[in-house]
Structures are given as C-alpha cells and as structure tokens.
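Next come two complexes, and both contain subunit A; in the first it sits with subunit B, in the second with subunit C.
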Partner chain A sequence: MTNGLILAIIGAAIASLLAGIGSAKGVGLVGEAAAGVVSVDPSKFSKVLVLELLPGTQGLYGLLISFIILTRTGLLSGNPAELSVTQGLAFLIGALPIGIVGLLSALAQGRTAAAGVGITAKKPEHNSKGIIMAAMVETYAILALLISVLIINNIAV
Partner chain B sequence: MSGTKYAFAVAAIKSMESSLLTRTEIDRLINSTSPSEKQAVLASSDTGSLEDTWKMIRGYAPDDKTLDILLYKNDFHNLKAALKAIMSDRDPADYFIKPANIDTELIVNAINTKEFETLPDYMRDAAAEAYELITRTLDGQLSDSLIDRAALLAMQKGADKSGSEFMKRYAEYMTVTSDIKTAYRCAKMNKPRRFMENAICGSSALDGEMLINAAMSGLEGLFSFLDSSSYSEPSALLKESPARFEKWCDDIIMELAETSRFKTFGSEPLAAFYIAKEAEIKNLRILSVCAESGTDKETITERMRKLYV
Partner chain C sequence: MAKLKMKKIELIALLTDSKKIIELLQRRGVVEICENKDDDLPGANVSAVIAKFEKFRGTAAQALEISEKYAPEKAGLSSMLEGRKELETDELGRDAVKLEETMNISREIIASQKAIADAQSSAAQITVRCDMLKQWEKLDVPMNFKGTSTTSAFIGTVPYAVTGSELEQQLPDTCSAEVISSSKDQTNLFILCGKSVADEASDTLRRLNFVPLTEAEPRTPSELLDGYKTQLHELEKSSEKARQRIVELAENREMIKFVIDYLQMRKDKYEVLSSLGFTANTFVLTGYIPEKCTEPIKKEIESKYKAAIFITDPAEDEDVPVLLENSKFSEPVEAITKMYALPSKKDVDPTPVMSFFYYLFFGMMLSDAGYGLLMVIGTTLALKKLNLENSMKKTLVMFRNCGISTVFWGTLFGSWFGDIVQTVAREFFDKEIGSVALWFEPINDPIKLLLYSFGLGILHLFLGIAVSFKMSWDDGRKLDAVLDTVPVYLTVLGVAPLGASIFTDVPSSLKTIGSYVMIVGVVLIILTAGRSSKNIFARFFGGVYALYNTATGYLSDILSYSRLLALGLATGSIASVINLMAVMPENKIIKLIMFIVVGIVGHTANLAINLLGAYVHTDRLQFVEFFSKFYTGGGKEFEPLTVNTKYIKLKEENSND
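== the complex of A and B ==
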C-alpha cells in the first residue's frame, strides 16, 4: 500500500466522518425538538418527521463521496491502485468540501429545522414553510457535493 | 450550539402557547353578558393554575437553576408571611403563595428553630436579619422592606450568576419598578432616609442613592428626577394614577417575554411562557373583580395587561 493510497483512504474517511457527525448532531437536535412537540400533540408526528430527516442528507453525501473514492482507487474491487502522494493528496482534497461543508451545513440545518418544528408546534398548517427554510441550507451541501464529485472524478489514476 | 439542551422543552412549550388566551378571547370575555358565554371562552383555553404551569415547565425543562429566579419573589413573600404569622401566632399556611422554590415548611422550621442555615444561600442572611429586626423592633413594615430588598438583590445576583441576559433584564426591570414604587410611597408618606435605604435596592439602570435623594425631596423632586431619567414614561403614568403605573410594570415584563417568542433554544421561551401565564391569570382576576364591582367595559379594557399571544 502506497502513501498516496493511505492519503486517499484518509480522504474517504474524512468525507464520511465529518458529514456523518454533522448529520447525527443535526438530526439529533431536531429529534429532541420534535419529541417535545409530539409529547404534547402526537398527531403532529408525521409533520415533524420530515423536518427531522432534512439534516440527515449530508451524512449520505459524505458516504457517497467515500464510495466514489474507494471505487476509483480500486479498494472496493480488491485491486488497489498504486497512487502517488500527489494523487492521494488530490483525493483527500476532493473529500474536504463535502466533509467540512457537510458538517457545518448539517449543524445549521439542524437549527433551522428545529426552528421549523416551532412553526409546526404553533401553526401546523404552515409546516411546509419550515421545511422550505430548512431545505435552503441544503443548497450549500449539494454545491459542496458537486465540487467533491468533480474533483475526485477528474483525478487521473 | 448554546442552549440546544432546551430544544425538547421549548418545542413542547411552543405547542402549548396556543392554549393561552388571545386578545380576541379576552375581548370576548369583557363583552360577554352571560356566565355561559364566559365559560365557553374559558373552555377553549387551558386556564390551569400557575402552580400547574410551573410543574409542567419544570417537568419539561432540564435541571437548571436559571428558571428558579422567576420564583424568588414568591419565596421571599413566603418568608415575610411566615415571619409575620409566627410573630402574631397565626397559621402561616393561609398566607403562602405557590409556586415557590423553597418548601414553606422549611421556612417555618427555620424561623421556629432559628436555624437559618437550613435555608438556601440566597435567602439565609435575609431571613436571619429580618427575624432579628422583627423580634427587636416588632416593626413588620421594616422587616418586609428588608426582605423585599433582599429578594431583588437575590434576583440580581442569581441572574448574574446564570449569565442569562434575559434573566438579567428581568431582575433589572423588577428592581426598577419596585424601587420606583417604594420611592413613591416613601415620598408620599415622608419616610425617613434610613427606611428608604433599607427598602430601595438600586440597580445599574436606576441608581438607588440618587432615587433616595430624589424621594427625600418629596413627590415633586421624585417626579422631576424620574422625568430627567429614562423612566419619564412611567413617571408620567404614576403622576396620572398608580394603577396605570402598575400596568406599565407588568407590561414591560411582558415586552421582555416577547423578545424570546421567536427563540428556538435556551431557557427564555420557558420563562416567557410562565410570565405569559402569570399575566393571563392576572387579567382573569382583574376581569372577575371588575365584573363584581360593575366596572364599565372601557375601564376593564384599559386595565388589561399585555398578552403574550
């Protein structure tokens, strides 16, 4: 196993790790708020569930990038590529957008979605507005995912 | 992610905000002519007791001392009640108010056994001092003013310790309104400087020493001092009628509560809900008293406190 491959593996781990931590914290936070609403009015469960799911997507994006890195480096097929340090570093850098933006956007989305739970609590008929506001944060996670995909897919192996 | 530990409690409380009486419902109560009409309005909201509300908030809120500051005034009221009842050989239970942080039995036992160290820190010294004062002078008014001042100081100290900006402002408003009321009464009754020093707490918003000096020069001096301060509005209301000033005192606390209406995290929305419930119960009490005394609708509307929703 070359040093370049190790760097690529670190990149794959960072993508899943940071984005996953962000999503876990975001979903957890909205879950707490959602539980508060459901404890008073269980009929609002389905409405708050959508909001709770929103910060979970960053973790999936991180997982996707990790898979792409592992596939491109041949680790999944059991035939690891002989990567140079420069190539490995390029994979690691490619993982950073979704790792870092995934972490921070999931935390921000968690807060926005928890505020959206407040809308559902007081005015359930305006629940969709809370969803839209939380979904806006998603834009930046998608942009980061796009950049990560473009970088990783364009590294010559 | 500060204050996020309150996410569960805040969401639950927000769900319950819809149970508070709205301005429209209050107007319907004012204009209702029959008891059944009133009953119908009240049935649409959960007009439970303040004690129930506190228990519910405490049930949802994590174990945090910040919210306890809201009940300091009740704790110190209970101390006053216990001291005076014991001194006059009456049952203090009739004078206690709930909810409170400190078990009233603990207060009574502390006074009976003179073991004031059994009381929480924020009350200990004040209780011992007030006991000594009332047994030495038999002056209930003097010990009351000492306890009232101690309550305000405890609120300020507790708020500073909690680091909550909301509680700091709450303590500040409570102190300012109480100090103005005390200064007004003292100026009106020509109370000596020593009494005022014992009763006026002072805060960063309204200097106690300057207020005492103003009150010492009589009502006119007090009003001219307040007019030149940032409290010219309550000063004008106090000149008009103490009832209007009382309404202003309640309304600024509600305005403070309103600042947390859009907050998703932190203890502020919980405190605001308690304050909202307090205002709701006060409004219902005013309504009931006014209805009994046959007060006209315009006057009742004028007396209604600001509402949270």
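== the complex of A and C ==
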C-alpha cells in the first residue's frame, strides 16, 4: 500500500465524515423542531418529515464521493492501484469540496428547514414554501458535489 | 388557455326564491360572491341561525372525534389517497331528515364519553383513599372509636419510627400501644388507656408529636376497603358499558359525517345570505363568474325563477379573482404555479410555458429509467383503481408525466436502477455487458452533459425573456420590449461559445463571432439600459450598473442549471452503489438473497430521496431562474360558493372542473 493510496483513503473518509456529521446535525436540528409540532398535531407528521429529510442529502453526496474514490483507486475491487503521493493528494483535495461545503451547508439547511417547520405549524398550506427556502441552501452542496466529481473523475490513475 | 376571463354577475330576484337560488349556485360552484357594499340595501341578520348550525356541527364533530378514539376506523394507504364518498343528489334530502336522530346519537356519544370521564375521576379519588386506608387495614375497631366506658382510645400517627414497647415506657402504666403499620418516617398507632389516665396520656402524646386521626367513619378500615372495592368495580362496569355504547353508536359514523357536511353547507349558505343586499321583496347578489359559465347559469336561473341577471365586465381597478385553465398537458403543473403565487392582473399564466421544461428537468434530475417506470406504473394504477379527489388526480398525473420523462432520460443515459442490467449479467451469468445507453453515460463524460445542461438552461431562460418581451409588446411598450431583451440575448449568446471553450474545444471562428456578438450586446446594454433617466451621466452609469447586474445575474442563473447534471449523477451513482453492495457476498445463493433484500430496501430509499430532490430542485429552477424573468404573481384565487364538504361529494358538483 503506497503513501498515495493512504492519502486517497483519507480523502474518502473525509468526504463521508464531514458531510455525514453535517447531515446528522442538520437532520437532528429539524427533527427536534418537528417533534414539537407533531406533539401538538400528529397529522402534520408527513409534512415535517419532508423538511427533516432535506438536510440529509449532503451525507449522501459525501457517501457518493467516498464510493467514487474507492472505486477509482480500485480498493473496492480488491486490487488497489499504486498511487503516487501527487495522485493521492489529488484525490484527497477532490474530497474537500463536498466534505467542507457539505458539513456547513447541511447545518445552514438544517436551521432553515427548522424555521420552515414553524411555517408548517402556523400555516400548513404554505408548507411547500418552507421546503423551497431550505432547498435554496442545498444549491451550494450540489455545486460542491459537482466539483468533487469532476476533480476525482479526471485524475489519471 | 391560461387565465380565464372573469365577468361580473349581478342577480336580482324575489326574496322568496333566495334560498333556492343560493342552493343552486352552491351546487354549480361557479360564482364567487362579493360582499354587498351598497348601504341603501340593508343586509339580513342571520348570525343567530349560523350560530345554531355551528353549534350543531360542533356537537356532531365532537361525537365523531370520540367515535374515532373508541372505535377507530381502519385506515390503509389507499384510503389515505382516496377521496370523499360520492353521493347522489337525491340522497341528500332523504338523509337530511335524519338530522334530529343523528344529533341525538351525537349527544348520547358525548354523554357516554362524559360518563366514562366521570367514572374515571371518581375511581381515581377512591384509589387515593384506598391507598390511605391500606395503612390502617389491621385496625379492627371503627375508625372513629374513642374508647369504652372504662377506657379511652387514641388512633393516630407519629412522624418517626417507633415500636409499641418503646412508646409504652413513656406512657402511664395502664396504657397499651399497638403499631398498626409503620414506615421509615411515620408510625400509625392504636393506643388504649384506662379512663383515669386519659388526660395524662393525651398530654404525653402531644409532646411526642402524636397527630390523632380525624375520621368520623363508624366502620373498620377493612370494611371500608371492601366497600370501596365494590364501588370501583361498579364504576369500571359502568364505564365499560358507556364505552361499549360508544362503539355501538359509532356504527352511525357515516351518518354523523353526512350531518357534519350537511350543516357546513347550510352554514355556508346562510353566510352568503348575510352578505346579500335586500329590499322589501327582492334581494341583490353580486359576484364574479368565469365567462364560459355565464350562459348556462343565466339560462338555468332565469328559466326556473323570476330573476334578472346582468353580466358585465369588471371595472379596471377591481381585484378580480383568478382561475386558471390549461390544456391536459399543462394542467397538472398548475399546482406548482399556485404554490409560488397566482398571476396578478398584469401577469400571464406561466403554467403553459413552464410545463414542458418542468417535465423535462424533472426527468433529467431523476434520470433513471427504472425509477421512472415505477413512477409511471404506481401513478397509473392509483389513477385507475382509486376514487380520487381532483387535486390528488392532478398531482398524480403530474408525477406520471414526470415519470415518462424520467424513463426517456434514463434510457438515453442507460440507467436502469443504476447499473442493474450490467450487475446481474456479471454476477449471475458471468457475462460482461457494456453500456446500455442510447446516447452516453454521464459518469463517463460529465463535461458533455454539463454543457448540455447549461444549454437547456439558456433555452429555458430565453423562453422566460421571450415571455417578458411579449408582455411589454402587447402592452404597447414596443421599444422597451426590444431594448430589454435583444441586448441580453446577444450578450448571452456571444459569451456562450467563449464559456464553452473553457471545458471543450470550440471552433475558433465560432469564438470570434461570439466575441463580436457579445461586444454588440454589451454596448447596447450600456447605451440603453439607463434610458429612463434624463441626465447623460446617470444614463451611462445606469447602463454600466445594468451590465454588471446582467453579467452576474445570468452567470449565476446559468450555472445553477448544473444541478441537472449533479442530481442525475447522484441518482445513478447511488443506485449503482446499492447494486455493488447487494452483490458483495461470494456464495451465489446468499448473493441472490442479499441482492433482492438490499436491492428493494436500497432502491426504495434512493427513489424516495431523489424524488424529493428532483421535485424540489425543478421547482427551484422554475421559481428562481425562470419566473424572475417575467412573473410577479400576487393574484387572488377564485373561491366560488361551493359545496364545501369534508366527507361527502355530490355527484353533480364537478361542473366547475
């Protein structure tokens, strides 16, 4: 196992770690607010559940990048590539956009979605507007995902 | 198409026909009634009647809620989607007669529930008392026992632990102390003394912090406890009986639901009456009505009743309510327009221009033929099998259309549940199948799809600008129409090849042409965008500022369409990851079982989350990027007087759809 491969594995770990932490915190934040609403009116469960799911996508994007790194470096198929330190570093850097932006955007999206839960509580018919507002935040996670995919896909192995 | 033209309706008829006419309008559901603003025509005071209906409705609703609690209705997934029960109109009269009976049933349900609540609270009180008495259970004299002719008895408690003999040492000789029960910080005692030393004993006891029991009960504790036990049993029996009665009465659930709806209709009708104007023998009703509905209503009312109906155009400054009507293709997307805002008076209905791109983008973001197929099958089945409300029907049709588009894109990109075709062939049949894409696989050439995404985005934005061009043009501001749109077209078109050359090879001739076109566009913007101000410098700086706004605005708008690629990639890649995990075991049989289990669970979750993603982000592209080019919104929804029922649907009610 070369040093380069270790760096790539660190990259794969970072993508899942940071984005996953962000999503867990974001979903948790919305969940707390949602539970409050459901305790008063259980029929709003499905509406707040959608809001709660929104900050969960960053974790998935992180997972996705981790998998792409693991597949590209051949770790999943059992014959890992002999990566140079430069290549490994490139993989590590490719993981950073979704890791860092995923973490921070999931937190911000969690706060926005939690505020959206307030809309659902007071004006359930405008629930979807809260969803759209939370989705605005997600744009930046998607952009980061895109850049991560483009970097990792274009590293010559 | 688009916004329906609204007319103003004014109806004058005999007072004696008022209720019948309003009932007719309610059934047809095509007229929104306006408040009578003419002070010369006094309104009717019907608040007492409305209050009565409200009260009855409240009673029935409460009874229904109680029935749900004690005898819950079985609810499945299909019944959640399913609409209200349909009812022939002639059933309305027959069932309505049962109002009194239903109200009695409702009152009995409420009374039974009260009986249960009362029994429960009495039982709770008795239980508390029993807990207290349990401490004295061993006492075999009546609780108010004060002694015999020669003895005095003290029954009470000291706030510490003590034994009988310890206490006897402190008391006069002839006293005996018996501990009835004790705990760490309390001892319940029965003390018997000779009459002669009673006063002395009493003083001593007071010093020992003895608290006498204040009970006037002439029975022993165990007798009392037995009595309470029977009482509790009886309470339980009576509350059980009341519960069974509620379950029995809950059989009338449908009738109660009907009455709730019936009363709601009556209430709505009377509320309309309160907003009418009256003279001694006639009433005046004004309202809005879609133009296409005017003739039938006019004919129907004028043939049945003595009434005069005037249809006029609404005044310029009136806030006319908005009702949308679109082709079969666009209609399902109306809900998305409504979610943003209904078109205001100046707006056109964006639904028809939006619908094609809506389906297109949705399919591109989900972009898996397998998932699309599931959507199409699921929605088609639901539409066929279930009795659905109109709004639910429209939503399902929208998702069906989106599903078709998803199948289209999925086939182009060769994604069927990710790479399930290749995986199955490789793992179970030892065959390598290459790509099944009709076009290309985005993961192999993301840049290509990125450029196509930007291209579609530019088309989408240009469509929005074209709508704004048409609006200004129709409004008579022809110069504005040209100057606000053409420079933007030129600039964006000119920059496009230069931008694309960052990612891919663009012929240099195209780049040269692009840069010239861009320069023309930029110059036009600087020269014309500030035309509203008189001062030449203000004009120039207005132009530069507009250029800055255009550049940053359109750049971020177009980049935003990269989500078309990213979300599509995410769906396909996660689906492939699921397949990869599903075939990890070596043993073929375990592999097959894992494949089925992990496949079903994983793909369901992936479909759910990406469906939400595609829906939300398609909405965003429409609302933020597209609508900002031409649409403001803020119209008032057309809310006709209609049969506003919760449980029952009248069959002829559909005339306004």
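Quick note on the criterion: the second predicted complex is superposed on the first by the 157 of 157 C-alpha atoms of A that agree within 3 Å, B and C clash if a C-alpha of one lies under 4 Å from a C-alpha of the other, contacts with A are read in each partner's own complex, and residues count from 1 in each chain.
Everything below uses one rule, namely that contacts are C-beta pairs under 8 Å (C-beta built on N, C-alpha and C of every residue); 3 or more make two chains touch, one makes a residue touch a chain.
Small disclaimer: the values here were computed from a predicted structure and weren't measured.
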| item | value |
| --- | --- |
| When subunit B and subunit C are modelled together on subunit A, clash or fit | fit |
| Partner chain in contact with A:Gly118 - subunit B first, subunit C second, else both or neither | first |
| Partner chain(s) touched by A:Met136 [first = subunit B, second = subunit C, both, neither] | second |
| Contact breadth on subunit A, by residue count: subunit C or subunit B | C |
| Which superposed partner A:Leu64 touches (first subunit B, second subunit C, both, neither) | second |
| First (subunit B), second (subunit C), both or neither touched by A:Ser128 | second |
| Which superposed partner A:Val50 touches (first subunit B, second subunit C, both, neither) | second |
| Touched partner set for A:Glu32, first subunit B, second subunit C, both or neither | first |
| A:Leu145 touches, of subunit B and subunit C: first, second, both or neither? | second |
| Overlay on shared chain A, then closest C-alpha pair between subunit B and subunit C (Å) | 8 |
| Contacting residues of subunit A [partner subunit B, same complex] | 25, 29-30, 32-37, 39-41, 44, 107, 111, 114-115, 117-118, 121-122 |
| Residues of subunit A that touch subunit C when the two form their complex | 50, 53-54, 56-57, 60-61, 63-64, 67-68, 76, 128-129, 131-132, 135-136, 138-139, 142-143, 145-146, 149-150, 153 |
| Contact set on subunit B toward subunit A in their complex | 1, 4, 7-18, 60, 264-265 |
| Subunit A partner contacts - residues on subunit C that touch it in the complex | 339, 443, 446-447, 450, 559-560, 562-563, 565-567, 569-570, 573-574, 577, 580, 609, 612-613, 616-617, 619-620, 623-624 |
